[in-house]
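Each structure below appears as structure tokens.
Note that chain A is present in both complexes that follow, paired respectively with chain B and with chain C.
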Partner chain A sequence: MNGENSKMKTANALKVQDRDIVVPGELLCEGEGFVHGKNIYKKENKLFAGMLGMVRIEKDIVKIIPLSGKYMPKEEDRVIGKVIDVLMSGWRFEINSAYSAVLPLKEAGSDFIPKGADLTKYFDFDDYVVAQITNVTTQNLVDLTTRGPGLKKLRGGRVIQVNPTKVPRIIGKDASMVKLLKDSTGCDIQVGQNGLVWVSGDPEKEVIAINTIKKIEKEAHTQGLTENIDAFLKGGKK
Partner chain B sequence: MKSAKYEKRFDGRDWEELRPMNAKVGIIPRADGSAMFQIGKTTAYAAVYGPRDLHPKFMQNPRTGILRCDYNMLPFSGHGERVRPGGSRRSKEINLVMQNALLPVLDLTDFPNTVVDIFVDLPQTDAGTRCAAITAASMALADAGLSMKGLVSAVAVGKVGDKIVVDLNYDEEAFEGGAADIPVAVIPSTGEITLLQLDGEVSKEDLMKALEYAKRAANKIHELQKKALKEKYHE
Partner chain C sequence: MNEQKQHLLRALAKGVRYDGRALTEFRPLKVELDISRSAEGSTRVLLGETDLFVGVKLGIETPYPDTPEDGNFMVNAELRPMSNPEFEVGPPGNQAIELARVVDRGIREAHAIDTAKLCIKKGEKVWSVMVDVCTVNDDGNLLDASGIGAIIAIKNTFFPKLKEDNTVDYEEKTKNKLPLQKEPIPITVYKVGSYFIVDPLPVEEKLSDARLTAAITEEGIVCALQKGGESQLTTDDISKMLDISIDKAQEIRKKLKL
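Up next, the complex of A and B:
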């Protein structure tokens, strides 16, 4: 078979390169050579960008990684939420998204909460919580749980907001970046998939951690980021 | 239809020449998306917030998110008299036509029951404000990371005296010998028209010719929009 020939053909059909920034409506490629992934639409054998973002080409799949945008709740995501309302049988949380989330009573913890109890004893207004999303409906109604390892109420510390699309870089591969941050600042850090980050520790160290997170957010698209951040943290300690 | 002679443009431009343009994206840090677009002396700042919770509840649409536009000419922005602050009949109309011009490219079906708010403020104006507002708003929507099938570029064309011109300024719009002002919004990637208004009189032939001019001008604006959006992420 002339595999090389067909490879050439598909390469010629591409109008963009891997890691290019494209704007909505921009032509990505012509012909049948490519499968369209996320945030791309097809019209008459042509693929167009359906969003502002970075093009990624993996074999014959073209997709666009968004560079901005609100957090979209997804099942099993770990998020940081703030209590905005106390309901009849649960709490409503603000999760830095277009939608709020509900934590039902029976998902609130291992303790039994009797009927008619004062729910603010458990979670009061403006309390921050690490929770996991258990269910998202088609209408984007979101359910949470705080039952599970590492899920808890957050006491003290501070919460900052980052771009949700940059969260994977802040966590790093196998949580390497968070580990680096924790080890070098001694702070306790929780990163929510929704772009809220909780930092708690020595006040001066908290500031260093936050500045570093802001730096990661700004340089998220660069390569060799972990090494740069490592150097930055070591330099800052002097 | 009589029309007076218009020999040369007041600011010395070619008939099909746009005023000097400038565009910038991501200028308002607290907004989810923002952009600035300047054409001649007309300047528009657009800020996008959302998708976010929508109240009052009866306005919510369970099938899709909705788009809400707010066009606002600042009091000191006009030519003579101070513009009275707050909404007017005119701004209400422009809010509606902006919404209609932008919705065809925007897909908010992933965000039922929510709203996307666009606020456009114009600190300085010299005609063509609704077009500048739409152009800035479409960049701000893209910057907000929303799902869109293309950008929208808008420009005013028209007939000043006996000449068909592109991008009228205030003096031309107020030309004594009669002027027709035709704001047009185009989706350059498909060639579709999403806004077409007309103030004045033109013949069918002139209108068709003006629309051709508008499409060519919109493509020039589109190039600038693309450049501005990409610049934000290229440091």
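Up next, the complex of A and C:
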């Protein structure tokens, strides 16, 4: 009886529905009944949206999935970065975010790099690299590593930018979408969590791969995306 | 950088641009007219994802002492920080100044505007034409987009009403258009390796060796040039580039029904 009552209360306190699109400052709910996730702020027992996005309500947890936005560095993310500076003891990377990242010498690879070596021999300006984020401080200082499976310097190829919030759809479940793209175009593709995608292959095939990635980005919210893309790729080949 | 350039050259060798176009093919070009109420003439140019506004403002000023009977003409470009992460707020940088000057030179050297007709009172009052370019999104080829936008904006500029005391009533527009003699269109040809491309994407702009902007009148006469980029051009290169420019200018003229 009591439980039912509190459930009623929480339902009434909600001002939005699951999957609603909200704008920053929009009232989501009143009262103490909810726990809030990212991109939401609390003011006098009321929860407000802090970002443009879709509301997801799971039991008593309210969160907002952003529809767009710049990449925020997160630990263990695999990102694609570009060398923007060579430092005394490492490299500074641009990672398509408001914050840049640093790759220290000892994380640069298995080779021993002697003191005073020319660091541009390993990573030069404007080189692209797949790296993993090892640490993000509260001040958003980002550390990278290129030691690990699949982490490497990207030679040749080209990089395009996509919306970082759409990256999971480009990768697909268990990397199914990327595999589909790789298999049907024969291109080598690396997708960074930060919204940079590196593509290298036959020039004509590259264009197909990139157009497909843009299509995935545009239709990320639709049902049966993998089948649609599969059909698109087959149609484009003829 | 070198490996990325090799990659681009491999694609160009096959005759494929990074977005699938041919080497000398423009992206879809769209021009909207009269987007601003306060300007006397205005356009919005959409070239692929490149997006910019051009506004023409008319005012009354004293003429320069050496040309007492000619109206003034000025071009200013503003590269907004929102249109490209490399653009900063503050005074215009090299790129903005170059952009404004290239647009200015094309229109000035073609004698596109009949400045003699802008005289109100010799040595005292003349119309001054101020063109402002404002970028919204830079997805490459701002030079051509601005130049095309500027000439179309000028072509669609109407004089405001001139009051008895020779001041301007901006609230009331007349049906008199700016006196236009020529309609120059600037086309920039980029040289990457040994290939010539037009309408580059930002990545192609960055990896290019040199560029040549030529303003072309409707008769196919080259009336202004601007060379940019680090590497040199041979006379053979220049004549090839100009041929492409003249060809493309006529194509765009036809497309826009200028």
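For the reader, a short list of remarks on this structure follows.
We take it that the second predicted complex is superposed on the first by the 214 of 238 C-alpha atoms of A that agree within 3 Å, B and C clash if a C-alpha of one lies under 4 Å from a C-alpha of the other, contacts with A are read in each partner's own complex, and residues count from 1 in each chain.
One rule holds in what follows: a contact is a pair of C-beta atoms (placed from the backbone, for glycine too) under 8 Å apart; a residue touches a chain by one contact, two chains touch by 3 or more.
Keep in mind it's a predicted model, so treat the numbers as computed, not measured.
In the overlay built on the shared chain, the residue A:N140 is in contact with chain B alone; chain C does not reach it. In the superposed pair of complexes, A:K106 makes contact with neither chain B nor chain C. In the superposition on chain A, A:M72 contacts chain B only, with no contact to chain C.
Residue contacts after overlaying the shared chain place A:N211 against chain C, while chain B stays out of touching range. When the two complexes are overlaid, the chain among chain B and chain C that reaches more residues of chain A is B.
By the touch criterion defined above, A:S200 reaches chain C but does not reach chain B.
In the overlay built on the shared chain, the residue A:F125 is in contact with chain C alone; chain B does not reach it.
By the touch criterion stated above, A:K234 is placed in contact with neither chain B nor chain C. Of the two partner chains, neither chain B nor chain C is touched by A:R19. In the superposition on chain A, contact is made by A:H221 with chain B only, not with chain C. In the superposition on chain A, the residues of chain A contacted by chain B and by chain C do not overlap at all. Contact residues on chain C toward chain A in their complex (touch as defined above): 1, 3-4, 6-8, 10-11, 14, 16, 18-20, 203. On the side of chain A, the complex with chain B involves touching residues 21, 23-27, 39, 41, 48, 50-54, 66-70, 72, 98-100, 139-140, 165, 221. Contact residues on chain B toward chain A in their complex (touch as defined above): 32-33, 50-53, 62, 65, 105, 107, 110-114, 142-151, 187-190, 225-226, 229-230, 233-234.
Within the complex formed with chain C, the residues of chain A that make contact are 124-126, 155-158, 200, 203-204, 206-207, 210-211.
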